[in-house]
Amino acid sequence: MKRNNAQPHAFSCYIRGHKRAISEGFLMPWQRPLKSLMTILTLAICFYIPLFLWTLWLNYDELKQSWQNQGSIAIFIESTVDLKETGIFLQEIKDLPIVESASVLNSDAIKNQLSKDEQLSQIISLITAHDLPRQISVSVFAETTADEIEVFINNLSINPQVEYISYDKQWLSQLKALTNTLLQIARISAFMFILIVMVILANTIANEITDHKNELRLLELIGASWAQVRRSFLYMGTFFGIYAGIIAVIFIAISFRWLKDTINSLVQNFGIDITLHGLSFQQIALVIIISLLITWLAARLSLSSQMLNQVQD
Amino acid sequence: MKRNNAQPHAFSCYIRGHKRAISEGFLMPWQRPLKSLMTILTLAICFYIPLFLWTLWLNYDELKQSWQNQGSIAIFIESTVDLKETGIFLQEIKDLPIVESASVLNSDAIKNQLSKDEQLSQIISLITAHDLPRQISVSVFAETTADEIEVFINNLSINPQVEYISYDKQWLSQLKALTNTLLQIARISAFMFILIVMVILANTIANEITDHKNELRLLELIGASWAQVRRSFLYMGTFFGIYAGIIAVIFIAISFRWLKDTINSLVQNFGIDITLHGLSFQQIALVIIISLLITWLAARLSLSSQMLNQVQD
Amino acid sequence: MINFNRVSKSYGKDNKALRDVSFTVEAGEMLFLTGHSGAGKTTILKLLMLMQDVSYGQIKVNGQDISCMKSRKIPAYRRNIGMIFQDHRLLENKTVLDNIALSLQIRGYSDTLSYKKANAALVQVGIAEKANFYPQELSSGQQQRVGIARAFVAKPDIILADEPTGNLDPDLSLDLMKIFEKLNSLGITILIASHDLFLIKRLQKRVLVLEKGELIDDFSPQKNMYTP
Amino acid sequence: MINFNRVSKSYGKDNKALRDVSFTVEAGEMLFLTGHSGAGKTTILKLLMLMQDVSYGQIKVNGQDISCMKSRKIPAYRRNIGMIFQDHRLLENKTVLDNIALSLQIRGYSDTLSYKKANAALVQVGIAEKANFYPQELSSGQQQRVGIARAFVAKPDIILADEPTGNLDPDLSLDLMKIFEKLNSLGITILIASHDLFLIKRLQKRVLVLEKGELIDDFSPQKNMYTP
């Protein structure tokens, strides 16, 4: 019963099928340009929101490190210790792995430091100069954790040369609390946003697929395998992902441009030195690849649910 | 050529049409429950995001007022002024409209106050007690602006009894900078989110309407006026709005429940006294009415664009 | 009552669906429109239904030029016409009965009356037992009959039927033609596009013959009959 | 080759579309399936196409019971069948030519060969000039012919035609039947559901008659002819 159908070779069929699917998947969004634009914008927004949060987080991380540095440690030296001994002690401290820098301050320097505070300076100017003890001021490396600092201080405080150690415990604990809160909020919003993005993304892609329901059904009926049926729709999803990823990156660039000036003026007021960073080239590439994978996956999932839902007719 | 068609009365037709449209609009989402659920969730998310920002803003506004209060003003009195004159002067200050409370501090009280700071207390304990000038501490009302405080201070500083006035200019300016930044960010995000919500909302409702394109076309062809055609779709939009509004409010409640503990622990660390407020009943009602109006409007707009797009066939 | 005056309809440049077609149909007449596939039968009905714009010429219905009708008057105009579509066009999410009743509800009838009349129409076309089915659960012939019932249930002034018997066997076709004749006897003008020559021969009515968009013949029942 | 063994199909409880239908079609046969509207003609074709599941009984094609076919074998099975649908089912966003070529592309043919064959098929059904039109720009009869071309272009083993001449005039119907007879002479089995008695009479083939889901008659061309 077979006629001279000249059934083509399997591999060349496969390649041919993919080529066709790519060009079809590419053309599909252009059949209804306005609708596709809306879909792409929606997807772009879906990618934009978590991307924005992520970029902010990257910036905050950097900021946090510079803040941690500000809590320097003051070691008050016993008045019995002379200047030479102090010098040796300073060198010992400098050699410790967590210490970035250390220096001896005399009482004038301390007063000078105190007088930077507007309210205190008035008081200080009214106080007759008085002997303050010698003091070593220590800065630790940015990576140092609060626990490491705790250990460092405990070790020093048993040293007989040390009268008292003061460090801004409060600053560090406040910073920790702030970081924890932001982390918690970031976690909650990441969770929420992933939910949101999933719902909207699935809905958007599913709508796009449902629009082609009859087409899917017909392809099945004229004998296309399920892989053939869905192929061009998967490519369509991929193209949507690429477009949406690009637009999301553009959105990020625009909103960081906007934010930069605002943040800069704020930061100057607080005397912190940071600059807002956008996305690097690698990060942009990563974003587009991820968005492409996500839409591909979403298309795949809603295609299989479409297959399961297929009513008999 | 007219037959006994017994054309019914216009007003009863109108009422009847609306009754039918309401029940149809109500039933429409249930024809494809899963799809409608997705639509409602998407809309709910659209309403949730700006609503969340708005609620946070309401809370921040309250917080800001309590912060402003913290910057109290210290007036140092000339040493020539005796205790009785100081008392009269205190009364004068207390009578000023912007002053909430004022009190005289002697040098011990000042030292006491300074020693609250961990780092300073060490220094102070090392300084032999010294005569500090008398000082009046003033708190202003929360509503007072920075400008009003400026005027108040300028007026006082020309008073011969006053040696010097210190107030935390930095705190106020930092607060102002922070508020400005937040306001700017809130503006940008409000703008972005309104854009986002518009795109997603329009897309979602438009998809819902496009699903019924053939129905719209057919109703037109069997002689329904455009008002009749769109009526049940407008009601459908309205019902979507109500459902979505309710879900958005539930989302807000859930996320505030989550945030509450986190924020509370943060706030304790900074020694600020606030509690996070959710939405009041009136606010909830307002939200649902607004979401209903928005979806109604979106449905109306995408219906008319549908009418304009209608191809001839 | 219906008057085509040198009507042409073209889609794009070289695609003329109708060329210079003129004819007049009196009120209360019943006639057939025939011709090969693609001759322009459906196009004539679509023009009358204002589903397409005339490219050239003029169509008058009850003396009014319909191509310059104000858009807010179109619904009322369409309510005077019942159309049977070649592709049925039933609402998928409504039952058969709802589909037919809709036609009356739109005209403002109460639900009770609408459903009573819709049921009667279903009985007439012989699918009373399918009243609560959805259109996609019917065979094509059954769907076609629902479309027919929807068109005549509100007793419009004009019925336009596009291939109303395309999915029906000869016996059923004749039964339906009897319904059309009965409606016609009430004074309703009926225009049927069909290529069912067997049927056309049986009914002995006026026949307009189209060929590639041109009106090539107009046989009156009084004059010699159309014998293909 | 096609064997129905006491096949029943019911939708819900009291809605039997087919009752206890048994018949055998030999490879290379050409036969008609007729009956009133709603008799179950389309249902038989849909069962063969695996568009519906059998409720009771067994259908064998080439000796294989199709109701227990593995789902990954279904596409290959369907590629052996060309079906003409009563409602055409063309892809709206593809041109007429693309619609026909698709059928070949799915089977792995190169684009050049697919379009060459598709063009030839279009010429055969007589709408070569509409190759680059979209389906919704065609008249119903033209759409139907596109569906016919799509079904036979890949020369499958079996062609199932559901009312292939429902929107065509008698002359065109006969032309198309000639195409079917030519395909049949190549060894293709052809099953045509139709209520066009004129056509059935002319073709002198075997006729299966359905009535309310039951097979009531089986006329062979050798035996006495079906005269309704």
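Each chain gets a letter, A, B, C and D, in the order it is written, and its residues are counted from 1.
The working rule: contacts are C-beta pairs under 8 Å (C-beta built on N, C-alpha and C of every residue); 3 or more make two chains touch, one makes a residue touch a chain.
Since we're looking at a predicted model, the values are computed, not measured.
Novice: By that same contact rule, can you tell me which chains touch chain B and chain C alike?
Specialist: Touching chain B and chain C alike: no chains returned.
Novice: Suppose each chain is reduced to the average of its Cα coordinates; what separation in Å results between chain C and chain D?
Specialist: Each chain's C-alpha centroid was found; their separation is 29 Å.
Novice: Please tell me the distance, in whole Å, between the geometric centres of chain A and chain D computed from their C-alpha atoms.
Specialist: The mean C-alpha positions of chain A and chain D differ by 60 Å.
Novice: On a C-alpha centroid basis, what's the spacing between chain A and chain C, in Å?
Specialist: Whole-Å distance between the two chain centres: 65.
Novice: Would you mind listing the residues of chain C that make contact with two or more other chains?
Specialist: In chain C, no residue touches two or more other chains.
Novice: Would you pick out the residues of chain A that each touch at least 2 other chains?
Specialist: Answer for chain A, listing residues that touch two or more other chains: 313.
Novice: Name the shape of the chain contact graph, picking from line, ring, star, complete and other.
Specialist: Graph shape, chains as nodes and touching pairs as edges: a ring.
Novice: Which chains touch, pair by pair?
Specialist: Pairs flagged as touching, ordered by label: A-B, A-D, B-C, C-D.
Novice: Which bits of chain A are touching chain D when the two form their complex?
Specialist: 1, 3, 5, 7-8, 10, 12-13, 16-17, 20, 31, 214-215, 218-226, 228, 312-313
Novice: Tell me, which parts of chain A touch chain B in their complex?
Specialist: Those in contact with chain B are residues 35, 38-39, 41-42, 45, 49, 74, 76, 110, 114, 118-120, 122-123, 126-128, 130, 132-133, 164, 166, 168-170, 173-174, 177-178, 180-181, 184-185, 188, 192, 196, 199-200, 202-204, 206-207, 210-211, 255, 258-259, 262-263, 265-266, 269-270.
Novice: Going by the contact rule set out above, which residues of chain C touch chain D in the complex?
Specialist: 11, 34-38, 41-42, 86-87, 127, 137-142, 144-145, 163, 166-172, 195, 197-198, 228
Novice: Which residues of chain D touch chain A once you look at their complex with the stated criterion?
Specialist: Interface residues on chain D, with respect to chain A: 27, 46, 49, 51-53, 72, 75-81, 83, 89, 91, 93, 102-103, 105-111, 150, 154-155, 157, 186-187.
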